[in-house]
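First chain written, first letter: the chains are A, B, C, D and E, and each begins at residue 1.
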C-alpha cells in the first residue's frame, strides 16, 4: 500500500529530478536528519492523545530517534499537526510553521487535518485540510490514526529525507505545494 | 423544591409573568415573559432556592428565539426545572442574569455567539467560541456558512 | 515553625524521595518490565499481534455479493463512498455484482473516519473494515482507494469510469426502451383479451384470478459480456462467464425497492 | 563637569517594575490542548488572568441539527475525547428518554456500565499522568500510559477503535462482547490494583509533589457552587455530589461504591492535592464497579428490538445528565419527530470547570498556575464543542 | 607534598620559553579536553535517553546504530546542519555570544579536574577555590541568552537561572571549606592523596559530618547544573523551554553540551573531594598498580567510572522527582542547606580535633579509629536501607500489607 518514492515526483517541476546526484555528503546529512527527527508538541485534539500514546512506552517513537518532543518550534524539525485546525487557530498554526528553522517537515495527522474529517460537511468553523495553510509533506488518514499508522507516517518522512540535497535550498520537487483551488 | 411548589411561588409573586406551566414530571417547564425575567430570576434563586444554573439552551423557534434556563437546587433533590423565555427574532433582547448565577457569564456569551440573543447588561458580551471577526450566528436555521474565511475556501466537501 | 517540624519535614521529604527512587530503580534493573512492541523495527518483529479481529481498518469490498443498493453511501456521515453502476443491463468492463453491474466503487480514505456506519446497514454484508491501517501518503490523491481493485484510485480508473458512464446510459436507455415495448405489447395483448372475456362472464361472482404476469415477450437474450475485459485484475465472481442476466421482469418498472432497513444486524464477522 | 549625580535613597515607588503581559498561548505544553490564558504578572506572581477558548470549536451543535440521530452519536465521541463511552452513553440516554416505553435489555445495560467505568479509569489515568508532567515528574506519565494502553486494547477488541468508539447507541450497544473480552477485563482488574499503589509512591506521597500541590489553587465550596463546577473538582472541595448516586441513571443503583471526597489531608480543603486524590480514589471505586458488573453480566440481547429501521424518536424535549469523568455531562435534545434532531445542546463540565480559572489563580505563581490548570483537568474538545 | 609536575613539563622539558609552553599546553591539554568533553556529551546524552527509557518501561533509541549507539552523533550533526536562525529583533551579538560564554564557563572547570595521578591540566594549589570562582561564569552566559533572545519566557528562565546558580554557590562553598579544613590543602591532587589506602580513608567516611557535607554538595551541584528537581530555568511545562526557547541548531547543541559537561565536572569534583579520586579504596590493589604509566591509566579509569556513576545518579533523580517551585528552591538553599553546611563545617573540624586521624592513616592507611566509626555508620546506613526495602516489599504485596496493618 505504501506509495513508492518515485511517486513523490508527481508534482515535480524540474525534469532533472530523476537523475539527481546524491553525493556522499548528502547521504551523511540525510542519514543524520532521518535518524533524529525531533517532532514539535502540537497537540490540538483527539489525535494528540494518539501522538502521546506513540511517544509512550507501548509504541515508543524514541526508538527511531524522535523521542524528545520539543515544546518550542525553534528546535523542532517535524510539525505533526494532530487535531482539528479551526479558523480561530489557523493564524497560530501558520506562525508556528514560519518559526521553525529550515529543513522543516509537516505531517498532517488525522482526517481533520487532511481534509476536514468528520467536520467536512457542516463544520463552518473548521479549516478543511491544513494544506490550505501550510505545505504538508505526509498525510496520515485515520480518526485518530493508530500509533502504528503514525509511525508509518514517520517512516514516509524519513524516506523523503533520503532524497534531500543539502545545497538544494528550495528542495525542488520535494517541497510540497499549498492546496490552492 | 418540586416544580408545582415553584409554580405556586411564582404565581403568587409575579402573576402576570408566568404565561405557561407544563407539570410533566419528566420535563417540567415554565414559560416566563421576557420583560419580567430579571425579577423572576431573583425570586427563583432567593425564594425557591434554585441556586444552580445547569445550562442555558438557545433555540431557534421559527418566529422567535427561545432561551431555556435549566435550574436546580444544588443540595436538595436534584430535579431540574426548565424556564423558557421567548423573544422576537428581529430584536432578541433578554436581561442578563450574570450576577445572579456566575455560570450565566460564559453561557450568555455562547448564546450570543451562536444564536445571536443579546443579553442586556452583560459586562463583556463578545464571541466566546467562534473567531473574533466571525459574521453571523451559526446556529440559526437560516445561517449559511461563509464560502471563504480570510481567503481560505471553506465550503468544500 | 518549630525545630521538630523543621526536622520532621526534612525527614519526610528524604523518606518519600528515597521511596520514589527505589521504585524507579526497580524498573531500571528489570528489563522484563519493558512493554514496547517493536513495531517497524528492522531487526526484530513486533512481539504481540497488535490488531484485534474487530479492528476498523481500511475497507474491503466483496464485489460479487454487492447488490448496488447505495445504503452504505447514504449511511456515511462524510459521504466518502461514491459508487456507480446499473442493475438493468450489463456493459463492457463492468464488475459483476449480485444482480447488478458496478463500474466504480471508490472510498476516499482522507475523509473516512472509520466509524463502521457503512458496514452495519449493508443487507448483504459485503463491505467490511479490514485489518490494514497504513494509509500514509505523500499526496491527497493517493488516499482515494478504488475498492474494486484494492489499489489507489488512479488516472486509468477515472477514464474507465467516464466510458462506463456512457455505456451505462446506453444500456439503461435500451433497457427502458425494451420495457416500454414490453408494456405496450402487454397492454395490446390485454386489450384483445378483455373484449373476448367481457361478454362471457359478466355475472361470475368470483373475480377472475388477476391475469398472471404476461410472459415476457420472447426472452431477448442480451449480448453476453464479451470475454472479461482485459485489465480487470480482480476476476468477477466465478471463473466461468456470467450467466445471461435475466432482463428486468416486466413487472414494476423500477428495481424492487430496497427492503426496509433490517434491525441492526448481528456483529460484523470481518 | 558637574558633580556626578548621586541619587538620594531609592524610594520603593521610584523603582520602575511594570507588570508583564504574558501569553500562555494556544500552543503551550501545559495548557492541555488549545487553551489560551493572557496573564498579567508582577514578577512570578499572577495578578490577573483572562481565558480565551474557542480554538477547537468544531460546530458540534450544528452537526447534530444536520445529520441523523445515529450519525450524531459519532460527534459526541469527539466532545470529551478521553471519555467517549461516557459521551455516547449520555446522548443515548437522552434519546431513549424521548421514547415513552423503551426498555433496554439487561446485558446492554451491564456492558454500558462496564465500558463507561473502564473509560473513566483510562481518562483519570491520563489526567494523573499529565498532571504529574505539569509538575515536572515525567515518569508517572509513562506509567499511566502503559496501564491506559491495556484498557485501550480491551476497547479495541470490543468495538474496533482505540479512541472514538461510536459503540453505545440509542437502544443498546453496537456489538456484543464475548467471553474473551470479559476475560481480558477481569485480567485488567487483577493487574491494575497493585499498579495503582505505584502512583502513591511516585506522586501521591512524594513530598515535592505534595508541596507543589497542597494549599495551591484552593477552590472554596461557595465559589465552586456558584460557577456550577461538577465532578472531581467539586468533590475535591468537600461537596459529596455524584450523579451516579444522587440521580442514578442506567443501572448504577445496583452497585455499591463510595464517592471519594476531598478531606484537605495534606493542605486546606479544596486544593489541587485534593482534586488529584479524588481522581486517584475514584479509579479504585470504578474498578470495584467494573468487577461487580463483570461478575453479574447476564446473557441476552445486547440491543432492544423496539427500535426498527430508522431511529426516529417521537416529538418532544428531553434533558439528561450523566456523571462523566470531568463532571456532569448534559444533553438537552429537542426532536420534532423527524430522524434529524431539531436542536441538541451539550452542557460540558469542562466549560464550567475552566471558567473559574481567573478567580482561583489570582495571587498564585506561574508554576502554580500550571498546577491549577492541570488539576482542573479540562479537555478542550468539550469546552469548545 | 610532591612538586607540581605536569605533563607539559614532561613533554617540553623545563627550559622552553612561555610561548612554547603555552602552545604546548594548548596541544597537550586543550585539544584532548575538548575531545573528552564532546565524548562525555555524546556518552551521557545517549546514557540519559537509555536510562530514562528503561526506567519508563520502554526501549529508548534502538534503530540508529546498535541500540542507538550513533543516536547522539546523528543529533549533533543534524543540529549542525540546521538553519542558523536569530529571532527578529534579538540582540544579535549577545545572542551569538551567550552559548559560547556558557560552554566556556563549563569547560574552564576541567582545568583543575584530575583524570589520573599526574593527569591534571593545572595542578593549582588553590584548586577548589578556583572552582568556586569559575562556577558562576556559566550563569552569565545563561542570563545573556535569556535577555538576548527577546522572548518573555526565556527572560523568565534566565532570571530564575540567575537566582538559582548564584544562591547555590554558598552551600557548595561551605562543602568545599569543610573538605579543605580536613585535607589541609586546596589543591586537588593534594586532597586526593590524603585519601589513599583503604576505603575507610575516603573523606566521605572520615567523620559523620562529611556525609552531610557530601549530600549538601550533591544537592548544590544539582542546582548548579539546573537539573532534576531544580530544572526551573528550562522548565519544560511552565516556560516552554526556558532560556534556550529561541535557540535552534548549533547554538542549542552548544547549550546542550554545556549542560552535560557541567554534570561531569560536578561529579568529578564530588569524586575527588569525597570518594577518593583515583584510588580504588583497596590498598594492595593501589600499591600493586604503582604510579607508572599503568598507574595513571588505571587511576584515570577509576575516576572516570566513579564520575559517570554519579552522573547516572543525577539522571536517575531527574526521571523520578517532580520540579520544585522557585520559593521552595530558595527555602531549601537558605533554610536547610546553609545551616547544615555550617553545622558540618564546625562539626567535622571539632571531630578532627577530638578524634585526629593518625598520620599512618593519612599516608599509608592501616586500620585506625575511624574504621570503627566507619563500621558504625555503614551499619546504620545498611539497616536503614534494609528497613526501607522491607517496608516497600511488604507494601507492594497486598497479602502482607493487609496483615501488617489490619
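Criterion: contacts are C-beta pairs under 8 Å (C-beta built on N, C-alpha and C of every residue); 3 or more make two chains touch, one makes a residue touch a chain.
Since the structure is predicted, the reported quantities are computational estimates derived from the model, not experimental observations.
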item: Smallest count of steps, each to a touching chain, taking chain C to chain D; value: 1
item: Most central chain, judged by mean C-alpha position against the global CA mean; value: D
item: For chain A paired with chain D, centre-to-centre distance based on mean C-alpha positions, whole Å; value: 30
item: Where chain B and chain E are represented by their mean Cα positions, the distance between them in whole Å; value: 64
item: Two or more partner chains touched - positions in chain A; value: 56-58, 60, 63-64, 71, 86, 88, 116, 118, 120-122, 124-125, 143, 146
item: Where chain E touches two or more other chains at once, by residue number; value: 55-59, 62-63, 236, 240, 319-321, 392
item: Interface hub residues of chain D, defined as touching at least two other chains; value: 28-29, 54, 57, 59, 62, 67, 74, 139, 142, 146, 149, 164, 201-202, 206, 208, 211, 384
item: Sites on chain E touched by chain C in the complex; value: 51, 54-59, 62-63, 316-317, 319-321, 335-336, 388-389, 392
item: Residues of chain E defined as touching chain A within the complex; value: 49, 53, 56-64, 68, 70-71, 73-78, 81-83, 85, 236, 240-241, 244-249, 252
item: Of chain D, residues touching chain C in the complex; value: 67, 70-71, 74, 139, 146, 149, 153, 156-161, 164, 166, 169, 174-176, 198, 201-202, 205-208, 210-211, 303, 305, 307-310
item: Complex contacts: residues of chain B adjacent to chain D; value: 26-27, 29, 51-55, 57-60, 68, 70, 74, 78, 80, 82, 101-103, 105-106, 114, 127-131, 138-139
item: In the complex, chain D residues that touch chain A; value: 25-29, 33-34, 54-59, 62-63, 66-67, 74-75, 78, 81-82, 126, 141-142, 145-146, 148-149, 152, 162-164, 380-381, 384
